[in-house]
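Order of writing sets the labels: A, B, C, D and E. Residues in every chain begin at 1.
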Amino acid sequence: MSFEIAVERRLGDAHIALSLTSAAGLTALFGPSGAGKSSVLNMVAGLLRPDRGRIAVAGETLFDSAARIDLPPDRRRAGYVFQDGRLFPHRCVRDNLLYGWRLAAPDHRWMTLDEAVAFLGIGHLLERWPRTLSGGEAQRVAIGRALLSGPRFLLMDEPLASLDAPRREEIMRVIERVRDELALPILYVSHDRAEVERLASTIVTLEPARVG
Amino acid sequence: LLALAPARVAARGPLVLAAASLQEAMTDAADVWAARRHEKPVLSFAGSSALARQIEAGAPADLFVSADEEWMDYVAGKGLIRPGSRAPFLSNRLVLIAPAGSRANLTIGRGFPLARALGTGRLAMADPDAVPAGKYGAAALTSLGVWDGVKGKVARAENVRAALALVERGEAPFGIVYATDAAASRKVRIVGTFPPRSHPPITYPIALLKTSTNRDAEAFRRFLLSREGKAIFARRGFAVR
Amino acid sequence: MTGEEWEIIALSLKVSGVAVLATMPLAFGLAWLLARGRFPGKVLIDALVHLPLVLPPVVTGWLLLIAFGANGPAGRWLADWFGVTLMFRWTGAALAAAVMALPLMVRAMRLSIEAVDRRLEGAARTLGASPLRVFLSITLPLATPGLLAGAVLGFARSIGEFGATITFVSNIPGETRTIPLAIYGALQIPGNETVVTRLAIIAVLLSLGALLASEILARRAGYGKGGHVL
Amino acid sequence: MTGEEWEIIALSLKVSGVAVLATMPLAFGLAWLLARGRFPGKVLIDALVHLPLVLPPVVTGWLLLIAFGANGPAGRWLADWFGVTLMFRWTGAALAAAVMALPLMVRAMRLSIEAVDRRLEGAARTLGASPLRVFLSITLPLATPGLLAGAVLGFARSIGEFGATITFVSNIPGETRTIPLAIYGALQIPGNETVVTRLAIIAVLLSLGALLASEILARRAGYGKGGHVL
Amino acid sequence: MSFEIAVERRLGDAHIALSLTSAAGLTALFGPSGAGKSSVLNMVAGLLRPDRGRIAVAGETLFDSAARIDLPPDRRRAGYVFQDGRLFPHRCVRDNLLYGWRLAAPDHRWMTLDEAVAFLGIGHLLERWPRTLSGGEAQRVAIGRALLSGPRFLLMDEPLASLDAPRREEIMRVIERVRDELALPILYVSHDRAEVERLASTIVTLEPARVG
C-alpha cells in the first residue's frame, strides 16, 4: 500500500473529502480546478490539518484524528513540489537546492546535488537569486530541492506545468526511475491526461463538493 | 575585581550631586580643590528633584547641594543626610530681565505696571508651581501685588535657563531669572532686581549624605563653606552668606 | 575637540552599542510573539512594550530608579545574585537607553515578521526543518529589513536618550555622562552654543554612521528588491 | 479626576491627534522617497528625518524656537503669509510633537513600502493605471501595516512628548500643558507621586486606545495574513 | 501586421534577441524554458525596456529606441495575463476583475463582467480574497482581469497551464472568438504543441542565447 488517505476538510465554502487506497507506484490525483487537489497534498504533507480522517504512507501513519496522531511536517519526510514554486528568496539557487539535503540524515539521501543539477539542466543557475529565474527555471529548482531532501515519498503539484517538451521528457524519465528503482510512493497532480496515463499506476479523480 | 572596587572608591574624589544651575561655579571650585593635591571631586549636575530621588533610591553619593530647601527637607526627612552636616551655602537674587535690545523701562515696586508692559507678550519664568526660581518669582510678584495681573501671561519654562532663552530670543518681552543667569548672558538686560524681602530667602543648602564613604567628602564640604570656597561662587554672581 | 569630549563620545558609543546589541534578541522575541502569537494577554504585552514611548522619559527614569535602584527590588536582586549595580554606572545608562529604544525596535521587527510569507516557512518544514530551524533560517533572515531598521532606530534613539538616563543614573562624567547629558550641561551655561552645536553634530554623525552601515547591510541582503522591475 | 485634568487630557488628545494626522501625508511621502528614490542626497534626507530621534529633545525644541519663534525666519514667514503663530500656542506643541514623531512614522511606513511587491504595480500599469493611481490604489493600501504602525508609534510618541515641547512653547495651562508637562510639574513637588501616577496611567490608556484601534483596523485590512497557513 | 518586434535586451548572462513580424491573428511564442519568452512579453507591455529595437502592434509604435519613443505601460493598452497571476492581494476577486475595466474608456471595453464571469466559471468566487483561491481559480481570474481592461491586444503567458481540460477548452474557444471576431492581435506563450497548433496563425521559436 503506498497511500491510504481518508480525509475531510472544510475550507470556506468548499468541502474537500477524499478516500483512496493506492497500490505501489505513482498515484495521480485528477480533478477540475478548485476540487481540492492541492489541499489534499497539503494535508498529506502536514501543512493543512484535516477536520477528521487518517493518512498513512507506505504503512506509516502520519495522521489519525481518532488515534490523535499528527506527525509534524518535518518528520513526515515528504518531498513536496509546490504548485507555486516557493523557493526561498533569500538563498541562492544552490542553497535552495541544499536546504533539505543538509537537514536529511546521510542515509536518507538518495541523490546528489550533481545528479539533480545534471538532469534538471540548472548548472548555470546555481549562484543566481530565485527572483531572477524564469518560470520554468524556478520550477526545475523546486523539483530539485524536493528530491534532494531525501524524502520517503513525493508530493508533486503540476511539476511539469511550465516546462518545454524536451525538459518534460527528461524529468518524466527521472520520475519513472524514482518510482521504479527507488519504489517511492508518489502522489501526483496534473491536468495533462497523456502525462498521467504514462506515469500513473493509480488514477484518482477528486470531485468538487461545495457546501450549501 | 571585587577586591579592587573599594580601592577605586577611595582613589576617587567625593561624588557631589549638585543643582544644575551651579555647574560653572562648582566646577571652578572642584578645580581649585584638585589643584591642592586632592583627588578631584566627581560632579553630577541635574535638577534637584532628580538628584533627591536618586539619593532616596540609595545612590552612593557623598554631597548634595540642592537649589532649594524643599528637596533638602525631603532627603533629610527620609533620614538620608548626616546629622549636623546640613548648612545654608549660597544665595541668589531674583531679577527682571528683558531682551538686550529692549528699551522697556520699569521700576520694580509695589503694584508696578508689569502687566501693562507685557501687553500681549508673555512673562518667561521657571514653572511657579514646580521649579524653585519660579516659586520665588511668583512669591515676589504676589507680595508686590502684581501676580494676579500677570499670572495668566506666564510662560512656564522647564528651568531658569529655558526661561532665559525665551527672553534672549525675544519671544518673551520680560522674564524672571536668577541674577547669576542674567549676568552670564549678553543677550539680556537686567531691568531691575527684586527686593530681597519680596520673596522667601533663596538658599542653596549643602549636606553630607548618609551613604558617604569618601574620606575627602567632609573636607571638601568644609572647603566649599570656607571663605575661600564661597569667594569662588561669589565670582560667578552668587550671594554668599 | 578636547579629551573630555572624546571620552563622552566613546561613552555614548559604548552605552548605545551595548544597549542595542543586548536588546536585539529580546526585541526580536517580543516582535515575534506580537506578530505571531495568539494568546489572551497579547495587547497587554503590546502596551507594556510601548510604555517607554508614551511616558515622559523622566517618568521612565523614575520607574527605573524605583525598580533598579540600590534599594529597588530588581536592583537588590541583581546586586545579590550577580553583583551587578546599575545606579550611577554606565550599565544603568545602557539599561535606560535600551528601555527607551525597545518599542521602536520591536515595532520595526514586528512589521517585517508580519510581512514574511508564511508559506515559505511551511515549505521549509516539509524539507525537514524544525520550528526553531525555520525560525533561524527562514523567518529571521527574511525579517532582515526590520532587524536593520530596528537596530538603526534603537541606536539613534539611544544616542539621543536624555530624560530617563539623567533621572535614573544621574550625570556622572566618564560613567553616565553621554552626549545628550553633556549637551544639557552646556546648555545650562549661557553663550555656550558652540559646544552644544559641536556635540549635536557629533551625535548626528554617529547616527549617520549607523544609518549608512544599515543601508550597506540592507543592500548586501537585498535579494528581495531592486534588480529587475517587472 | 479634576476639571483641570480633563482639560489636560483633552489638550493632549488634540495636540497628538493633529500632530499625527497632519504628519501622515508628509511621512508617507518621505517614506516613499526613501524606499524608492535613487538620488544623490538621499542619505542626507534620511539623516535629517532621523535628527529629532538623535538629538536630545531639548535641542530639538531649541532649534524649533530659533526657526519657528516669532522672531525666527520660518515663524515670521508663517505669521506674514498665513497669520499663524506657533509660539506659546497649542499649534506649536503639535508641531513639536509632529517633529518628534516623524522619524518613527517614516521608518514604519518605509518598511512596509519596501515590502510591497513591485510586480503588482507593474500589473496595475498594464491595466491602465497611471503612476499616481498605482500609488493610491496599490502601493498605499498594500503599505497599510506600516501606515497603521506609523500612526500608532507617532501617536504614542506624541502623547509622551515633553522636552521639545516645553523648550519650544513652554508650559501654559490650557494651551501647551499636555500630560507629560503636567506630570513633570507634579514630579517637581515632593510627595506628589499620586498625581504623577494618575496622569501616567491616563497617558498609557490613551495610547492603549490607539493601539487597539490600530489592531482592529489591521485585522479589517488583514487580507494578506492569517487565514490558512500552508 | 499585428506584431512587429525587433528587440535586444541583456538580462544578467542572458541575451534576449527577437525579430518577428506576424500577420493578423494569434502569434505563438515557442521556445525552451529560459529562452526569454516572458521577457519579450514584458518588453511589449512596457514593463522591461529593451536595450535597443522597435516594437509596434497593429501599426502603432509602442517603442522605438532610435526615435526615442517609449509609451508608458498604461497607455499601451495591453491585456497581459502573467505567468504568475499577480492578482492584487488587497482586493477581492470582483475588484481585481474590475480594476482595469473601471480605468478603461467606455468605448474601449468589449466585454462585461457578467460575460467574463460566465465563461470563466468564477461566479462563486467574486467576494473571495485572492489568497484563498486555488491555482486554477487564480489563473482564471487573471485572464478575466486582462480581458476586461478593454485591451487593444493580448499578451498571454501560459494562460492555460494549470487548468483542467474542460476549462481549457472553454477558454480556448473564447480566445478564438476574440482573435476572429474582435481581430485583436494576440502574443501567446505556451509549451503545449497541440494548443499552439490549434490557436496560432504564426509560430515563432525563440532560441536561448547566453553571453560569454
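As a convention for this text, a residue touches a chain if its C-beta (ideal position, glycine included) is under 8 Å from a C-beta of that chain, and two chains touch if they have at least 3 such contacts.
Quick caveat: nothing in here was measured; it's all calculated off a predicted structure.
> Could you work out which chain's C-alpha centre is the most distant one from the centre of subunit D?
It is A whose centre lies farthest from that of subunit D.
> Taking each chain's centre as the mean of its Cα atoms, which chain lies farthest from subunit E?
For subunit E, the chain whose C-alpha mean is farthest off is B.
> Find the geometric centre of each of subunit D and subunit E from their Cα atoms only, then give the gap between the two centres in Å, rounded to an integer.
Centres of subunit D and subunit E (C-alpha means) sit 44 Å apart.
> For subunit C versus subunit D, what separation do you get between their C-alpha means, in angstrom?
Subunit C and subunit D have C-alpha centres separated by 19 Å.
> Distance-wise, how many Å sit between the C-alpha centres of subunit B and subunit E, to the nearest whole number?
Between these chains, centre-to-centre, one finds 78 Å.
> Centroid of subunit B to centroid of subunit D, CA atoms only: how many Å?
Computed value for the inter-centroid distance: 35 Å.
> Check each residue of subunit D and list the ones that touch at least two other chains.
In subunit D, the residues touching two or more other chains are 58, 62, 119, 122, 163, 184, 187, 228-230.
> Residues of subunit E touching 2+ other chains?
11, 47, 84, 132
> Can you tell me which residues of subunit B touch two or more of the remaining chains?
none
> Under the touch definition given earlier, write down the residues of subunit C that touch subunit A in their complex.
119-120, 122-131, 133, 137-138, 141-142, 144, 221, 223-224, 227-228
> Quick one: which bits of subunit E touch subunit D in the complex? Just the residue numbers, please.
The contact residues of subunit E facing subunit D are 45-47, 72-74, 76-80, 82, 84, 86, 88-90, 99-100, 103-104, 129-132, 145-146, 149-150.
> Which residues of subunit A touch subunit E in the complex?
That would be residues 11-13, 31-34, 36-38, 83-84, 124, 128, 132, 134-137, 139-140, 157-158, 161-168, 191, 193, 210 of subunit A.
> Which of the residues in subunit B come into contact with subunit D in the complex?
47, 49, 52, 70-71, 73-74, 122, 124, 127, 129-131, 154-158, 162, 165-166, 169-171
> Which residues of subunit B touch subunit C in the complex?
2, 15, 17, 20-21, 23-24, 42-46, 50-51, 53-54, 56-61, 161, 164, 168, 181, 184-187
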